[in-house]
Structures are given as structure tokens and as C-alpha cells.
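Take a look at the structures below.
In the two complexes below, chain A is the common chain; its partner is chain B in one and chain C in the other.
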Partner chain A sequence: MGRSEYSEKIQHIVSAMLRSGLVDEVLAFVQGLDEYDIVPAFIADERDAEKIVVTSYNPLSLAKLLAEYGDKDKKIAVVVRSCDARGIIELAKRNQINRDNIYMIGLECHGVAKPSDKRAKELYILGSEIEASGERTALDETLLAPNCRRCEYPLPTMADISCGIDREPMSITVNTEKGREIVSAAKLSADEGGEIESAATKERATRRQEEDFAEMRGMSAEDRLNYWLRQFDKCIKCYGCRNACPICYCKDCYLDADRILIKAGKLPPEKLFHLVRLIHVADSCLNCGQCEAACPMQIPISKLYHMLHKELSAIFHYEPGIDIAVLPPLGTISEEELKAGGVELA
Partner chain B sequence: MNNEFEPKILGFLCNWCSYAGADLAGVSRLQYPPNIRVIRVMCSARVNPVFIFKALLGGVDGVLISGCHPGDCHYMKGNYYTRRRITAVKKLLDTVGIEPDRVRLEWVSASEGIRFADTVRDFTETIKKLGPNPLKGV
Partner chain C sequence: MLSFIPTICPYCGAGCGILLAAKDGNAVGTMPWSRHQISEGRLCIKGWNAHQFIGHQDRLKKPLIKDNGSFREATWDEALNLVANKLKEIKGKDGPDAIAVLSSAKCTNEENYLIQKFARAVIGTNNVDHCARLCHASTVAGLLAAFGSGAMTNSIADLGQADCIFIIGSDTTSQHPLIARRVIMAKERGAKIIIADPKGIQLCNVADVYLQQNPGSDVALLNGMMKVIIDHGLEDKEFIQERTEGFQELLQTIHDYPLDKVERITGVPAADIEKAALIYAEAKSSAILFAMGITQHSTGTDNVMSIANLAMLTGNVGRAGSGINPLRGQNNVQGACDMGALPNVFPGYQAVTDAEKRAKIAEVWGVAELPSQVGLTVVEMINAASEGKVKAMYITGENPMVSDPDIGHVKQGLENLQFLVVQDIFLTETAKLADVVLPSACWAEKEGTFTNTERRVQRIRRAIDPPGESRPDWEIVCELARVVGAGQLFPFTSPSEIFDELRKVTPQYAGMNYERLNQPDGLQWPCPDESHPGTPILHTKQFTRGKGKFHAVAYREPAEEPDSQYPYILTTGRVMSQFHTGTMTRRSPALNNEFPEAFVEVNPEDASKLGIEDGDWVEVASRRGKIEIKALVSDKVKPGVLFIPFHFAECAANVLTNPALDPIAKIPELKVCAVAIQATKQSK
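Entry: the complex of A and B
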């Protein structure tokens, strides 16, 4: 199935949901004036559903957008990638989104193009191939955003339904009770029960993570510190990473100039800026790559956050954005810990 | 003048156990290195990771956080949160290339004056071995 057919299938689901009154609004990427004009939009009229496109251009996190601009009392459907879906679940845990009112239509995604690449809006990435103006060619991996190479979740099994692109007709998996409502509203046939994520994908993602992190881990502590200090020195304190991050949800932020910690007008900012963001985000980092995509100085921050997150998730056994009932690790204590002495956690 | 490196250590001691423990070390006239500067906090969980980073960036060579033993927290669960937090802080420091041993968490009760003195002595030695904090002045 190609890009346009996939878009049409999604449009069909969305317009059926709006028509049946299952949801009041739909949040998705739509095409504006031409193919270079891809913007997120809330759609309330089913006739506008035909503007929805699937895209390998990912300018912002829909989870963050939903928390900021979504009407909390309205039922809203969101066309999500797995990183958006996981962001929505993380924000729902933090009481920023009412998960009961959100319906998630999951898109299969094999990574998005680097936003800095000028071809990002023209092409569509389908697994090992790319589609550009109807033609399919083999995927050049350097085109992918670096965080997407490390992604473990091509299929959003945490969304209400997940739509696979690989088969004809589109394979739809129902993951939740709400997924069943979506399927019946759109009169689709679907497989029941969450699809088990393929071990091969997970293995490939782990291998690439190891590849990416090995270089940093191989350095001596001194070299590593110098590397990051040099990277942080590039920072122009635009707050792009903070504003783009779906985990950074605080209205009143430590890093704002009126909180004294970070001095107004000082460039590059104190190194504290980066350490504060790192400790606040790393336990729940989704590896969505929005921080790195937003950074005008191209600091490889998503690598840093993801690297630390992997270390922490090994200790706390926390996988962000999967189960809404599992709360962030720094705010919870396990039963075993209550019995354990010592100052170290295994 | 001897030119041996004398580290500066910042200690965050909880009001209910460790501060009393340090007090006991004092009234018992136990000898321990004068490198530690103490800030009393109501609970070890009051220690925001940001305090630790601020201290390290401000040129302190080591940070000691000390609270009640597990199960003894005056606020029931504060020290368990601290344990998780400090674990994360240490991993963070390691990831960016600062020795995680510059931060230490210890449980010291109000009756453990000797343990407090030993902790400070041992931590001062550790920091002396590590040398000055590489973050000083960045």
C-alpha cells in the first residue's frame, strides 16, 4: 500500500468517526496549500477529513499540542505515531490530558525524515523503502532522524487501534475497548487483541541503540565531560527543546529567568540549564526526538536523554507511555524497596 | 603551607536523624575532617537534584546527602524517594562524564555519631582521591 492509499484509509476512518458523532474533533496533520505545507489541525467537519495526510515530516509532538490546545471536555480523536501515542499516555498520567476523552488512531511508522532535510516533506518512508512522487526506492538510512533509527515501536500498540501499512487491505488491530467503538463506527473488519510486537524489530532497535551509545560509553569520563560541555556551549538558550518536549509540561518552569536559577541574558546559559532538563525528562524520555529536531544548534540531545533513559529504565523497570496505570519512577516506590535497606537500588 | 588538596564537601542532613547524629558526633567530641559544610533540611527528600547540580557547578567537590534509615523516616516514605532520586542523579553524572562518587547517600540515625564521623572521614578520603571537581568554573 502506498502513501495516498494509506491516507485515504485514515481519512475514511476519521470521517466515519465524525459523522457518527463518536468524537467532536480530530487532531491530525493536514495538507494546506501544497505538499510543502503540512500543518497540524483540529478538524470538526467531516468534509475536511479529506485534507488529512500521512507524512514523514514530523514538526511537533501532537501530544504536547493536544495538552496545550485541546478542549478537555470534548471527545477528540488523534491520528498518532507511536511517539505521539506514548506522549499522550505520559501526559494523561500527569493529569494534563483526559485519556477518557481521547481516541487514538495509530499509524505504522518506520521513522521520519530529519526535519533539516529539504526532501522531508516530499517523501514518505515505508519500512525499508521510500516513496517519492509515486516512485519507490530503497531507503537511505542517513535520511532518518537519529532517534527514529533507535525506535522500538514502529506499530503503536498502545493506541486504541493500530493500522498496519504493510498489507493489502490495511490490517487493523483493536487494542482497547475504545478501539472497538472506532471499528464499529467506521464499519471496518479488524483483528482482535493487541498485536505482539515483533522480536526482530526490538532486536534491531536495541542493536542500533548499542551502536549509537557505544561511542559515548567508550570514552573516558574526562573526554565525555568535555564532549558534552562543548556541545552545551553551542546552546543559544532558545528554549526550543523545552517547548517541544512532551514530557516538559510544567506551566511554571525552573528554567524561566524569573526563577533566579538561570540568569536572564547570559549566553551560553549556565550548564545547570541542561542538567535540570536532563534530570526532569530522562526518567520518562520517549525518544521522540522533538528536542533534537527543534534545536537550531544541532546539539545531539535526544541521544543524551535516550542514553540516560535506557540506564534508568534498567534500574526502575519503567517503560514510558505504555500503561497509564504505571506512574513515573521518581514518584513511586515498589513493595520490594520498602523492605530493602542500603543506599543503592539494584 | 602544605599544598595538599583540601576538598570542599556540602552535606545535606535531615533534621530528624542525621543532623542529630552529627550533633551527637560533636558533643561526643569525635574527630572528623573539617571539610564538610552542613545544611539542615527537614527531610532528605527535600534535596532537589537541582541543589546537587547547583552545588557541583558552584565548585563544591562532593555532596553528601544523609537521612534516616529505611523504615525510620519521620515522614514515612521520604527516604525511599531520596534513594530513587539519588540513583538517578548518579547515573546522570556518569552519563555526562562526572564521577558519580562525588555524590553520596548515607543513612545515619540520631544515635550514630560514630557512623557520621566515619562517613565524613571516608567520603573526604574518596574525594581527595578523585581530585578537584572538573565542573569548577565551567
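Entry: the complex of A and C
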């Protein structure tokens, strides 16, 4: 199945959900002013479902947008990639989203490209190929955002349903009770197309994580620190990394100029600026890459967060964005864990 | 329900794309617009918070009329009738040139077009200007003389391809952050970065050479660099031969600038000047970025012509990654100039003194004749008001009571007017002096186009309705024209109709229309016909004027030099989270909290000599006035130099600044004046 049929199938599901009254609104990406311009939209009218497009130019975190702008009292369907779905689950844990009101339609996603990278029109990225203007060719990994190259979640198994592009008919896996409501509203049968292929993407994630992190691990602790402090010297304190991050949900943030902790108006900001955010977020970092995509100074910030997250994840056995019942280590840390790895954290 | 509207940031001239979140008639958030050509999904702090002032309680919602010294609310009919009658009365008694109009670089192209048309076709005066006079008037004059076009030669994106970027007089990360991004991208590709600025800037962290020249010594510095290039035989002989004229005159002049002399004038070590010159000349493609540090001088036009000399000398014009890139400060200051909101030119830089151009435009506008005499510039208007020659002013979206030099004099001038009407979104310091205040819509509340610093014309889109009875500026001008009895010249019912007229008289915009502009990339002028794709790089094959012209420029001292009474040099500028006179940013909490108050930056050496500690209150005085302000002890300025950001009305740098003008561009010398500083009461 190609990208455009995939889009149509998703449109069909969304439109059926609106028509049946299962949800009041849908949050998804629609086409903007041209084929590279993919923008978020809330849709309430089922006729507008046809505006939804599935491409690999998706910008922004729908989890963040849902928490920030979604109507808390409404039932909302969201057309998610894994990183959106995982963000929604993390935000639900933090009481920023009411999971009961959210229906997640999961898309298979093997990474996104920058819209300014006009190498391919009507792009859809698969595990080892791309589809562009209806043609399939081998994937050039430089097309992918840096975080996406390291992503090990091509399938949104944490969404209510996950839909695979690469089967005829589209494969639909029901993951939750809500997923059953979705397929019933859309009059589809679950598990239509069987298993979705993800091995290539998982192999790539492992390889890319090793490469990216090895570069850091190859440095002495001092060099590594200096590398990041030099990167932070470029920071112009736009707060874009914070604003774009689905885990940074606080309305009242320690980094704000009126909170005294970080000196107002100092540029580059004190090193603490980035370190505070890192400490607050690293346990739950989703490697969604929003921070890096938003950085006007080209700081490769997702690499730092992702790498630190991986270290913490190994210590605390915490995988964010999977199970709503499992809370993040920062909120549940035990006395024993504070001394983990011979480091006194308390 | 919530919607995301793609539009353009209202702050600097970079013209970044934003998605404005609107819900129930309110602008509730801003997000980066990923597809946008310039910002590519990034924003600076101002962009991320561009929605914050929109719904502020201080927004003007009704017309105001001043009776016995205080404002009362009025209907549009009453306010517009009063304005119309007063303007007619003054025009009848003292002639059209007794009226002066300030247009606005915050307004759209369509609005600037209408405002200058109102001044010329309805009032009958060329007394129309705007704040470009205070920022890049010298760029327009200097580059027009050298190249035949006053605009940025290259595009923002192609800066990333430069092998050397020379930044002189631009605090790029603070004032044009998304252009600074391209500098970082070039640097990470291996480009060399040269910075010349009297004040240390954040990009110094990535610079290969930093030259801290004395304020006002730029011509000497640039001539010194050119001498090094000639002495090393690094000039581009072929380019000079084929594409330029006036080289011999330049040669004679720059031979007077040996490095020891240049070191003495600029305060920059000769070795650093040499290093910078060699890096610039040896790179395959070198781009120059500059801003107010070059332009706001009594030698502003000379400075710009010197920059043009340097670029032509090394053949760095007309290719990607090269060129001269004046960074325009306001979202639409390029457009306001393009639209002829200037006293000497009609739209498209067509001289008002050219009878043929006058006749052509009069025909399109349907008027018998248009004024032929060059009008007054910003500072000249204030002088004329003060002398009683200008009797009424119509000010739209400008705040000279904070932005202009020597504010004491500005106030006296404006108070001396018989009639002042101010059209704005807030009751600014200037609006407070008005007889009538007309409430206008802001950027999120109207349709139109902005032209960014790289000549890119981009659509802005109405996301919400204007508050109360406020209306878009274009509607107000059309309505005022109707009340005055000139409604037939302003029959417009939409900005798109206005655009269709303005493209008829603006050759650079001739090929554009709203349909073509309704895509994320907009169009870069010149765009002469509807099949033309727009022009990313100017002067590729030949200069707009034919040959590029070298101007032999000798160093002249600033108008005011330090002396025993005023022993320090004051230079002014801006900070990263405030914008211009603070009308919008000081009402945006996230922006104001970063820099809530003014400060004077003092070198530690001077501070210890004067007994001033960080945070102390000090008095800074010039021949024009004095202010009390907090001291910030910092090594970003060198001994003998002070820096004050000009955003803060309560301790306004422009109380102190010198209104001395560049003789050609009439830009005031906001960047250099002589001041005294002393400690007053201690902090805490």
C-alpha cells in the first residue's frame, strides 16, 4: 500500500469516529500551503477529515499541542506517531492529559525529514526504503532527523490501535479496549494485515545509538563536559527546547526569568539553565527530537538527553511512554536508588 | 475551537514563520512554522512570545480626543471629522507642507503604500518618512550610490554557504537571532568569522578575530583593511576591471591609511586588523553583515560606502555566500521603504523630483499633479515643528518620544504643533501628546504583506478580530480619505486590492499578487512579471546601476568627541528580549522579565576609577539632558565607552543622544555622543 492510500485509510477511520460521536475532535497533521507544509489542526467536522495527510514531514509534538491547546472536557482522537503516543502517556501520568478522553490512532513511523529538505515530494519513510512521488527507492539515512535515526519505536504499540502502511490491506492492531471501540466505529476488523515489519528500523536504532554515543563516550569526562559547555555557549535563551518538549509541562518553570534561579537577561545563560532542564527531563526523555528541531543555534541537544536517558533507564529500569501505571523515577525514587552506581544523589 | 494560522513574526526583519494559535477570538500561543524557509521550525524568544501583548488590557479600543488636557472616548465619526477638519484647515491656511506624516515599519506594505499616498495625493506633501531614517537610511543612500539598489544583496539561507562572514556593528544573536543561526551553520562548515564591534557580542564566542573598534572609527578600520588587501595583492583585479569604476580614486585615499595610523584612530591592534583583512580577502566567498553599528552615525553613508568598497575590491558581490547584508531591524522596514514612505521617493525608489515618474504615478492614482519638492525627514520634521514651520503631524505606529535622538527636543517640537494625531495599538509616550488618538489593529488582526530584510514579500494572515472598535490601519486611512473628500482615491475593500494597485507603481513588485504570494516561500523582489520566480541574489551579472562605483571615503570624526566636561563616549543599542521602544515587548511578561529595566554598561576599570559598583545608581549626562540609571559593570565595553539600551522610556538613552545628522542620509548619530557619568545613591 502506498502513502496516499494510507492517508485515505486514516481519513476514513477519523471520519467514522467523528460521525459516530466516539470523539468530539481530532488532532492531526493536515496539508498547509504546499506539499511540504504539514501543520497541526484540530478537526471537528467529519468532512474535514479528508484534509489529514500522512507524510514524513511531521513537525511538532502532538502530545505537547494536546496538553497545551486541547479542550480537557472533550473526547479527542489523535493521529500519532510513537513519540506523540509516548508523550501523551507521559503527560497523562503528570495529570496534564486525561487519558480516558483520548483515542490514539497510531501510525507506523520510521523517522521524519525536514520540510526544507526538498529532496523528495510526498515523502513517506519506511524501514529501509522511501516512497517519494509514488516511487519506492532505497532510504538515504541523511534524510532523517538525528533523533529519528536512533529511534527504536517504529510501531506505536502504546497507541489504541496501530496501523501499518506496508501491507495490503492496511494492517490494524488493536492494543487497548479503546482500540476496539475505534475499529468498531470504523467498521474495520482488527489484525487485518498481520505483523508490521520493524527489524530494519530497530537495527538502525541500535547502530546509530552506538555511533552517536560512542563519540561521546570516547571523550574523557572533562572533554565531554567541555564539549557540552561550548555548545551551551551558543545558546540564546529562546526557551525553544523547553517550549517544544512534551516532558517539560510545568506552567511555572524554574528556568523563567522571574524565578531568580537563573539570572535574567544573561547571555549565554548560566550553565545551570541547561543542566536544570536536563535533570528534570532526562529520566523521561522520549528522544522525540523536538528540542533539537527547535534550537536556533544548532545545539545537538537530543543526543545529550537521549544518552543520559539511556544511562538512567538502565539504572531505574524505566521505559517512558509505554505504561501509564508506571511512574517516572524522579517522582518515585527510593532511598536505595539514590545511592545507585556509587553516586550519592541525595 | 483552536486553530493554527501560518503568519510572519512582527518583530525583526528576519521575517520568521510562525503558527499563531487562536481560540475564541484570542491569540493564545505561538509555535514555529516548520516549513518556513528562513526559520525552519525555530524561533527566538521574541517569536515564541509574539502573542503575549496582543490581548493586553492596555490595547486601545476606542478613538480618543483630548479636551482640556485629558483624553475622552469618542466615536470614529467624531474623531475622523475632527482630524479631517484640522488637516484641511491647516493645509488651507499654511499650505500642504505645514503637515508631516510618519508612516510605520510595523505596518504592512499595503498600509505604508496608502499612508504615503494619503500624504502625497490628498494632503499634497512629500513630508512623509518613517523610522528607516533612524536605522538604515544610510544603507539605502550608500548602497544606492555604490550599486544602484539599497537592499540586502543576498539571501539569509545563502549565508550558511559563506567561507567567511564579517559582522560589523550587528549584535546578531540578540537582534536577528535566526540570521545568527546561519552564521553558526557556516562556522560549523568551517567558515571563518570576523567580528568588529565596540561592544562585545555573543558571537565573539565563535569568532576567529574580534576587533573592538572605537565607536565612530569604522571608515578608518575599513580603509585600513583595504590597504592590507592591496599591499598583499589580494584585490580581485578582474572584478575591479570588468564590473566597477572609480578604483583609482579609492586607491589614492586608502594609501593614507597605514596600519599604525589606523590603530591609533580605531584602538584596534594593527596585527588584528591585518589578520581580519587577510581572512576576508583570502576566503573563496566572504559575506558582510551589518546593522545599526554602521548606519547610525553622522558618517553613516560613508561607512556603508566603505563596506561596498571592501566587497567590490575582493569581488565579493553577486555570488551565493558573499555580498553585503544590511540586517533590517523592523519586520517591514524594507517594505515601508519599498512603498515610498520616504520624503524623496515614490514607491519603488522613484524620485519625486523626476517629472516623468511623477506624471506616471499621478495618472495611476488619478490626480492632476503630485508634489515635486523633496519632503522633510524624521529629525527635520521635529526641527520644523519646533520652529513652527510644521503645524500638524499624523503619526502612525511610531514612537519618536522614545526612538528619536534628543527626546527633550522631540517633546518640545511635538508640543509646539497645533495638531497631532497618533494612530497606534497602545497609548505610547508619543500618543500621550496627541490631540486625537486612533486605535489600530495589530499584526495578528489583519491581512497584508511584510517584506523582510532579504526582500522577501510574505503574507500575514488575520487570526483574530481587532479589540473593541480598533481597526486595521489601511481601513482607517481609507475612511479618513473618505471623510476628507478623497474617497475616490481610496476605494479599497481589502489589502489584496491595495496590493493590485501598488504593484502597478512599484516595478520591483510588478509580478506579484496575493495568489502567487499564498505559498510558504513568498517572493523576493525584483519580480518584474508574473512568470518571474523572484530574485535571491542581486547584482549577479551587472550592478543595478551598471558598474559598481567605488567611493573614495576619508575618515571623519564623530560629530561630538569626548572632552574634559563629557569625557566618555556613549553608544546605544538593544537587548535580546526587548524591541525598540518597548511598546509591545514591555507588555509581554516572558520578554520583559528578562530585561525589566535599563542599565548603563561600564568597564570595570572606569567603574573602579569612578567608585561605581555593579547595581549602583548613576547619573549619565550629555549636552542635551541627563538620566539616572543602574550601572552594570562589564568588560564587554572598553574603558572610556558606555553602553545603554534605548528601550526604556523612564531612563531613555535618547535623552542623551546627539541629533547631529549624516549630511546625505539625514540619519542621526545615535551611536556616538559625549557624556559624563557619576555615582549618585548607592544600591540596596
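Basically, the second predicted complex is superposed on the first by the 309 of 346 C-alpha atoms of A that agree within 3 Å, B and C clash if a C-alpha of one lies under 4 Å from a C-alpha of the other, contacts with A are read in each partner's own complex, and residues count from 1 in each chain.
Throughout what follows, a contact is a pair of C-beta atoms (placed from the backbone, for glycine too) under 8 Å apart; a residue touches a chain by one contact, two chains touch by 3 or more.
Remember, it's a predicted structure, so these values are computed and weren't measured experimentally.
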Give one of first, second, both or neither to describe whether A:L304 is in contact with chain B, with chain C, with both, or with none. first
Under the stated touch criterion, which partner chain does A:A282 make contact with: chain B (first), chain C (second), both, or neither? first
Looking at the overlay, does A:E177 come into contact with chain B only (first), chain C only (second), both, or neither? neither
Could you say whether A:D100 touches chain B, chain C, both of them, or neither, answering first, second, both or neither? neither
Touching A:Y227 in the superposition: chain B (first), chain C (second), both, neither? first
Tell me which partner A:D140 touches in the superposition: chain B (first), chain C (second), both or neither. neither
Contacts for A:D252 in the overlay, against chain B (first) and chain C (second): which applies, first, second, both or neither? neither
Name the contact category of A:E336: first (chain B only), second (chain C only), both, or neither. neither
Is A:L272 in contact with chain B, with chain C, with both, or with neither (first, second, both, neither)? first
Chain B/chain C common contact set on chain A: none
Listed in rising order, chain C residues that touch chain A in their complex are 1-4, 6, 19, 21, 23, 28-29, 31-35, 37, 39-45, 47-48, 173-174, 177-178, 180-181, 184-185, 188, 202, 205-206, 518-520, 575-577, 589-590, 593-596
For chain B, which residues count as touching chain A in their complex? 49-50, 53-54, 57, 69-71, 77, 80-81, 83-89, 91-92, 94-99, 104-107, 134-135, 138
Taking the complex as given, what residues does chain A use to touch chain B? 216, 219, 221-229, 254, 261, 270-272, 275-276, 278-279, 282-283, 304, 307-308, 311-312, 315-316, 329-331, 333, 337-338, 340-345
Give the list of chain A residues in touch with chain C in this complex. 25, 32-34, 36-42, 44, 57, 59-60, 65, 68-71, 114-116, 233-234, 236-240, 243-244, 256-258, 264-265, 267-268, 293-298
